[in-house]
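One structure, as structure tokens, below. Some questions next.
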């Protein structure tokens, strides 16, 4: 009984960590620009695919990771410069279609160059499962948890302790006021895309040894990241992390105890139920509209 | 309206073979669906990223009721519309309290849940492999052949356009546009905004269901991918590329997005790249959509 | 009997008392002004009266009926109408359509007749269109009858909102800073328009933060300060009230 529960728990927090990183990516861009970046999942795919392909070509793993992250960051930058910025203050639907267009474009390029095949990345430190309380956990899962924890701490430090991080938060609260006190909001916008791309790439790399990767893995991961971000309340960093973990756990428990067939439906049922009762997610501020 | 009628009447003169008829029929069916979706998204300003789900429910209602239970197609279609109408009505109140991206999330989730149910409940739907659907028939006469389907689709499209234009140019249409323009202003003027949001959501869902039934009978085979997230996006893209709050934009958007895959099949291996690029570029350079942008250009010239 | 009565109204936003223990009543056929410095709680008061905010405590009566926290569209049905300090114009519509939204409640709002373009509905709609055009002339924006709302200048949009509010044929019209952002000539014109509206039998409640402006046209003035009633009375009484003088001219 307990061991089974632990097994679901491990699987839940591992996936939950990836959702949390994806959700953080959504939240950072949403805060800086008000845009929901439907291409967030492609950052995850690019990180994983990039590393896999370079390792296959003989590049040492650390270098491959570095290059994959850099390439993804460049893609994030290009997305902001050439797709989001020129659109200006377009309607929400229009921006959604632009980022979905970008997502399809990125998938298309990867598929055209590297094909439709699935690829596996070798685990960072072996694949001997570790036994805990009758349940097993893969060393790679520990990598996922550890890296996610380090990233969350680094982000907390960045947003609360550095001038640049505070400038980003200020821009999120009030772009006009931020500009008036001399913050370069266009740079902040670009930075938010780079930061999200880097987070996505890292998530894609650490999860690649567990789930296999291909040109289209970004779609579902991206959508679940969006669910996690919404669950916690869009633009809320802590909410994104909690939302991601909660989503991973609910999914693992529902798949384990209820129905594995409907595993992929769980996040969407969860988010719809939560939104029915909390229209701005779990940690979203209750706002009174000003008129 | 007259232009569309003329195009529908004259088009058969220029269609050399059944393949072209087929493309035009699909355009017409998509256009009917998109007109309804435009009422919701373009006029009332409420996003839905899950309407392909309603389309699929209509298609499967027709497939299952006619194929397994031998219902007359028209009755199956009506049952689908009624069922989808009720489902949409129940979902609409809580869903349409949400705004912007939260609304996008909830409708997206709704569509994906429908997709997963259709894929998993294979004893009813045939699962991922899909199911075949009997031909459409009315009063014992079977509807078959591209030409017959062409005229039926053309007539239904004209009907949809007429009804939609009437709605827009009426107190209901003004209420819908007003709640898009300023929800508080509409409320204060006496518009029961949640009632009208529900109304237009249900209307667009019922139209989607009817179109789904038609498509199922026409194509003769359905799979759960009709309800996929990507298909919902494709439908919303038809609305936005043609032009939000433009009924004729819906027809243009449906035409472009339906033909695009055929046109792009020449770029072997690069269809996705081209499709993504076209979506991005159209939206960046014509955020208001083709028809409104061109109409504004013409007026200025 | 009072057309509008507000009793012991309180509104708290996260610990801040925006409106505190406020009571007053508005007699029919008068121009009643609410004045006070920025942040005095005037717009919050309007938002509660028109059903956009739910008061923390207290009651609101319209024509003797309790209407506290009723949704705005039901209040509209009971003859309440308003304009907004920050314009709430539907820029996706023509100017005339904006005004016609105001007559929503007097038209057939059902879907089926609209879909089928029933002649009766069309007739009522075109009559309403003519009335809307008349109203635009009445408020002084007749030259924009064929324009889109997005083509109109700020001052004209303020009047367009008044036309939309009047299209509902209200008993009670609440105007939230109708002169904000206007120059002296425009302000004088708006004052004249408000008087014209009041003479047509509509009771007007006016929010302004500029005291000079309302002195000439108001039958009754309520002065708010930090959400509380500071003074109440005719223009003459307010002008001589020592509390008001202190609040407006600074402590002596």
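Chains: A, B and C, in written order; residue numbering restarts at 1 for each.
The criterion applied here is as follows: contacts are C-beta pairs under 8 Å (C-beta built on N, C-alpha and C of every residue); 3 or more make two chains touch, one makes a residue touch a chain.
Quick caveat, the model's predicted, so the values are computed rather than measured.
Q: Which chain's mean C-alpha position is the greatest distance from chain B's?
A: Farthest by centroid: C.
Q: Just by CA atoms, which chain is the most central one?
A: Chain B is the most central one.
Q: In whole angstrom, what separates the CA-based centres of chain A and chain C?
A: Distance between chain centres: 47 Å.
Q: Roughly how far is chain A from chain B, centre to centre by C-alpha average, rounded to an integer in Å?
A: 31
Q: Please work out the Cα centroid separation of chain B and chain C, and write it as a whole number of Å.
A: 41
Q: What are the residues of chain C that contact at least two other chains?
A: In chain C, the residues touching two or more other chains are 52, 84, 88.
Q: Name the residues of chain A that each touch 2 or more other chains.
A: Counting only residues that touch two or more other chains, chain A contributes 289, 291.
Q: For chain B, jot down the residues that touch at least 2 other chains.
A: 184, in rising order.
Q: For chain B, which residues count as touching chain A in their complex?
A: 41, 47, 49, 94-95, 97-102, 104-106, 108-110, 112-113, 116-117, 120, 184, 229, 233, 236-237, 239-240, 244, 269-280, 283-284, 287
Q: Residue numbers of chain C touching chain B in their complex, please.
A: It comes out as residues 50-52, 71-73, 76-77, 81-82, 84, 88-93, 97-98, 100-102, 104-105, 107-111, 113-117, 121, 125, 164-165, 167-168.
Q: Under the stated contact criterion, what part of chain A meets chain B in this complex?
A: Within the complex, chain A contacts chain B at residues 30, 36, 83, 86-88, 90-94, 96-98, 100-109, 111-112, 219, 223, 226-227, 230, 234, 261-262, 264-265, 267-269, 271-272, 275-276, 279-281, 289, 291.
Q: Quick one: which bits of chain B touch chain C in the complex? Just the residue numbers, please.
A: Within the complex, chain B touches chain C at residues 45, 163, 166-167, 170-175, 177-178, 180-182, 184-193, 199, 203, 245.
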